[in-house]
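Going in written order, the chains are labelled A, B, C and D, and every chain counts its residues from 1.
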Amino acid sequence: MTTAEPSATASAEHLVLALSCPDQPGIVHAVSGALAEHGGNITESQQFGDPSTGLFFMRVQVETAAPRADLEAALSAVARRFGMTWKLDRVGRPVRTLIMASKDPHCLVDLLFRQRFQGLPIEVVGVVANHPDLEPIARSYDAPFHHIPVTRETKPDAERALLDIVHAGDVELVVLARYMQILSDEVCTELAGNVINIHHSFLPSFKGARPYAQAHGRGVKLIGATAHYVTADLDEGPIIEQDVERVTHSDDVGEMVARGQDVERRVLARAVRWHAEHRVLVDGRRTVVFS
Amino acid sequence: MTTAEPSATASAEHLVLALSCPDQPGIVHAVSGALAEHGGNITESQQFGDPSTGLFFMRVQVETAAPRADLEAALSAVARRFGMTWKLDRVGRPVRTLIMASKDPHCLVDLLFRQRFQGLPIEVVGVVANHPDLEPIARSYDAPFHHIPVTRETKPDAERALLDIVHAGDVELVVLARYMQILSDEVCTELAGNVINIHHSFLPSFKGARPYAQAHGRGVKLIGATAHYVTADLDEGPIIEQDVERVTHSDDVGEMVARGQDVERRVLARAVRWHAEHRVLVDGRRTVVFS
Amino acid sequence: MTTAEPSATASAEHLVLALSCPDQPGIVHAVSGALAEHGGNITESQQFGDPSTGLFFMRVQVETAAPRADLEAALSAVARRFGMTWKLDRVGRPVRTLIMASKDPHCLVDLLFRQRFQGLPIEVVGVVANHPDLEPIARSYDAPFHHIPVTRETKPDAERALLDIVHAGDVELVVLARYMQILSDEVCTELAGNVINIHHSFLPSFKGARPYAQAHGRGVKLIGATAHYVTADLDEGPIIEQDVERVTHSDDVGEMVARGQDVERRVLARAVRWHAEHRVLVDGRRTVVFS
Amino acid sequence: MTTAEPSATASAEHLVLALSCPDQPGIVHAVSGALAEHGGNITESQQFGDPSTGLFFMRVQVETAAPRADLEAALSAVARRFGMTWKLDRVGRPVRTLIMASKDPHCLVDLLFRQRFQGLPIEVVGVVANHPDLEPIARSYDAPFHHIPVTRETKPDAERALLDIVHAGDVELVVLARYMQILSDEVCTELAGNVINIHHSFLPSFKGARPYAQAHGRGVKLIGATAHYVTADLDEGPIIEQDVERVTHSDDVGEMVARGQDVERRVLARAVRWHAEHRVLVDGRRTVVFS
């Protein structure tokens, strides 16, 4: 096989392997063995065994000059032996991403900016919004914009259009960047594990609508934001990242919203980066984040 | 009057005035006028009008050599005119405080330490606990310790004993420093506005029992603590202060408890200090904190 | 006078007054008196006397239906009596601002975004850069772009061009949004108190060039940014705001730069907002920030 | 050998291995191989290769029922092959620690409290102070107290007495908990890598004496603390942990000191815990912290 793909062996590739499986002795040794046999040099690695779920998680970055197919064959054998879910990717490969938004631009702009100027490893396949307002922003970053209005009646059609875009664009990740619509159970299920939402509160506080108004009414001293995977169970998906910002008695709801937008975009950007770098692994209702 | 109280005029006192009243023009001018007429020099001052409740809040520190009674008479007149709730105190006067605890020492020790070594302006009248474990700690800081066990049957007696201690000691502030019992509505009402509790979660998340276990189960990335005034409505009293600490997937419930204790004691200490310095004013379900 | 300006009295204006003067008794009373006489209702107010400099600082927001000229006359009299430096402005009036940048877009984009979408009260009169790279960004936000290259030889000409733009545009505030050139002492002096710079370190750590490389070499665990007024004394002007972000051993210089950009833009945006809202008062080498 | 130590094999031990060596392929595989051969189950593991120093770092926690001596022999062979510095210890074994202090109690009390009540894995062999003030605190935690005054003349004797205590007590870790004396180069060299100091500033800002007064004069908006290993090069040893706390214009030097003490004790406690858990590895002038 090496003769068939001489160019693949010409220089070292930097790869990332992320895996999970039921915990048992020997996993690290087997994985590192497969890597070592292919001349792999580990540059960064983290492992974690969760006693509460009995699962083991591993993420390893490795430099190797071996042909990818050889390494994949070796890892497949290891994966079968331990019952692993695994993924092998090139470090830094941009993940094909669809961003969904509504009217608020802060999260969308932030992701587009980081993609262009700060090395966020995503490729923005398109922007879908249920309102037309954000089209100029998408265009200014050369991202194809799809205006798909959603009403109770048109929701099934809208979701079909969404899935068409996902399929046509080989979309790997969907980011709900303050998309104010709820996806149907069917879409949640089809895209499970590949949809990240930013919720504008410190979950599980203030689930549901108008969280900043709820937070103001309750007189909290910190407001927060939560990035999580979307599941059919609204606002209950595994949390990837959270952060907070201090507010005072003199901040009204409007000021809390403005401050909150800063946390939202920061939290969402971190979650998207970690996901795109294969640092997030789902562990039941929780996530393991090898940040 | 100055002749009657010569000693009072001998040197300047540093006073703090905290007040609230329905908002209207002229409040600051009237108050600062009363202070200026008595030779008062304002060293620090903050005001806030809450449009959502229509209330006005003010805290002012002032140096004056005038007799206290003269100043109080002048302020009384202003207070009557504007319908004020107000308090005048000497800056730094230790507030007579009763600390209630159970078995966990971290909040109790922290308050006692700050009182002795870091200028926390409280005088610890006593420590009440429903278990005997913390007696050595209280004793090592020379604080009288009262062991008052609480069972369903003895709760009325226990609360009577508590109120006896409060009355006998002229207690101004009761701090629930991880006191794991719920005070009856009667006690809450009698001591309203003068009881501070530390709740070991970022309210309104994880109300009720075992918040760290709830937080671990939900997979949150930050844990928090909340200091609030106690009302008959459990875990719903006005929030004084909150803070959070980052946790990761590798922290089990026990580690979250340990990290949480750091936030709890920090948040509680801030709330007690601000209350004792008359920086916290209740504004409906919220608080104004002139920190 | 009210008859001469009927429209001015038609409805209430929301004004902000910021002042400083040598500390002495009676200041608050005199100011609040002038406001009260003109029907002013104080909505937010803060005062501070600095014992180390002997100066007193005050910021007050007031609603009044009185003609502005009347109020100004009354305040002028008070200001003369106490030797005040003072400023009266309409709450929320956009401050005429010139942004200077070089090649890095993160601070520029952030300010433009916040101006357009998040109520940052500035009006962007123009963008000056010593490189052409950021022109498309400025244009996408409709901000006039001036490319003024700077070499050792052309620096005097470049600064003259800069001052021409400042004067022609009635510029009130110059923001150095990662402008990598040092302004001459003459320009610093002429614009004193009206130029804000973002320094990419937690001053006074890592003054001078390449602070992130210095920080990485020293192995710090937090990196920071500092917004300060520019003075002729490089990196020594009064600090307005600082913040930090956690880094770990696995962050190389490039990653520290990327993380640092987040702190830089956040810190700069806060400083610009507070300055534009007249919340920042210079107190010798320090600032009073009524945030 | 298993017959000679039957009890060692009776049940699984939880061990921690920390190592560093020049980076090359195969390290993880060799180490995990040695562990796997002895039935080791990895519960937590982290690796890091530093391109700037060419060093590789690894920390692994493993459960094994194998005799310790067998495992040590196997690891010794691996260590020789890769030129490793390594340490194998039981997870949670208390590290024999000497705490040095002066007059300020906050760091000393915090460490003693965490040792007794919060599972900080140290055994306090003794407390050395150059003033007698803290003796009651040490005694209240049953820690032997040594008053060793230090003057210019007696410093050599004092350091000899210190080293005697270190040797007699098999001290593994010395913590300078606001010990205001500078250790001689000889002592620094002899105890290299085993002395942790808390510096009351955010290094490298405000090196040297009276950092809070320096910070106040400079008008910083955050104050910090730094825990670092002590080297002969004052305030320049590898940093283990840093943190900051917000201050405002209204905080005078005294208030900054009080706030600073909170950061100091927090930062020192984290550094001591991580060191005692073998999570800190020195990487030239920097540290790798597997927290």
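As a convention for this text, a residue touches a chain if its C-beta (ideal position, glycine included) is under 8 Å from a C-beta of that chain, and two chains touch if they have at least 3 such contacts.
Quantities reported herein were computed from a predicted structural model and do not represent experimental measurements.
Enquirer: Show me the overlap between the contact partners of chain A and those of chain C.
Expert: Shared contacts of chain A and chain C: B, D.
Enquirer: Between copies chain C and chain D, are the contact residues mostly the same numbers or mostly different, with half as the line?
Expert: same
Enquirer: Which pair wins on C-beta contacts, A-B or B-C?
Expert: A-B
Enquirer: State the chain with the largest centre-to-centre distance from chain B, centres being mean CA positions.
Expert: A
Enquirer: Just give me the whole-number Å value for how far the CA centre of chain B lies from that of chain C.
Expert: Chain centres of chain B and chain C, defined by C-alpha means, are spaced 36 Å apart.
Enquirer: Round to the nearest whole Å and give the separation of the Cα centres of chain A and chain B.
Expert: The computed centroid separation for chain A versus chain B comes out at 43 Å.
Enquirer: If you look at chain D, which of its residues touch at least two other chains?
Expert: Only 44, 48, 51, 250 qualify.
Enquirer: For this assembly, give the contact graph shape among line, ring, star, complete and other.
Expert: If you draw each chain as a dot and join those that touch, every dot ends up joined to every other.
Enquirer: In their complex, what parts of chain A are in touch with chain C?
Expert: 44, 105-106, 109, 113, 117-119, 140, 250, 258, 261-262, 266
Enquirer: Give every residue of chain D touching chain C within the complex, in rising order.
Expert: 48, 50-52, 202-206, 217-222, 224, 238-244, 248-250, 252, 283, 285-289
Enquirer: Which residues of chain A touch chain D once you look at their complex with the stated criterion?
Expert: Counting only chain A, the residues touching chain D are 23-29, 32-33, 35-36, 39-49, 51.
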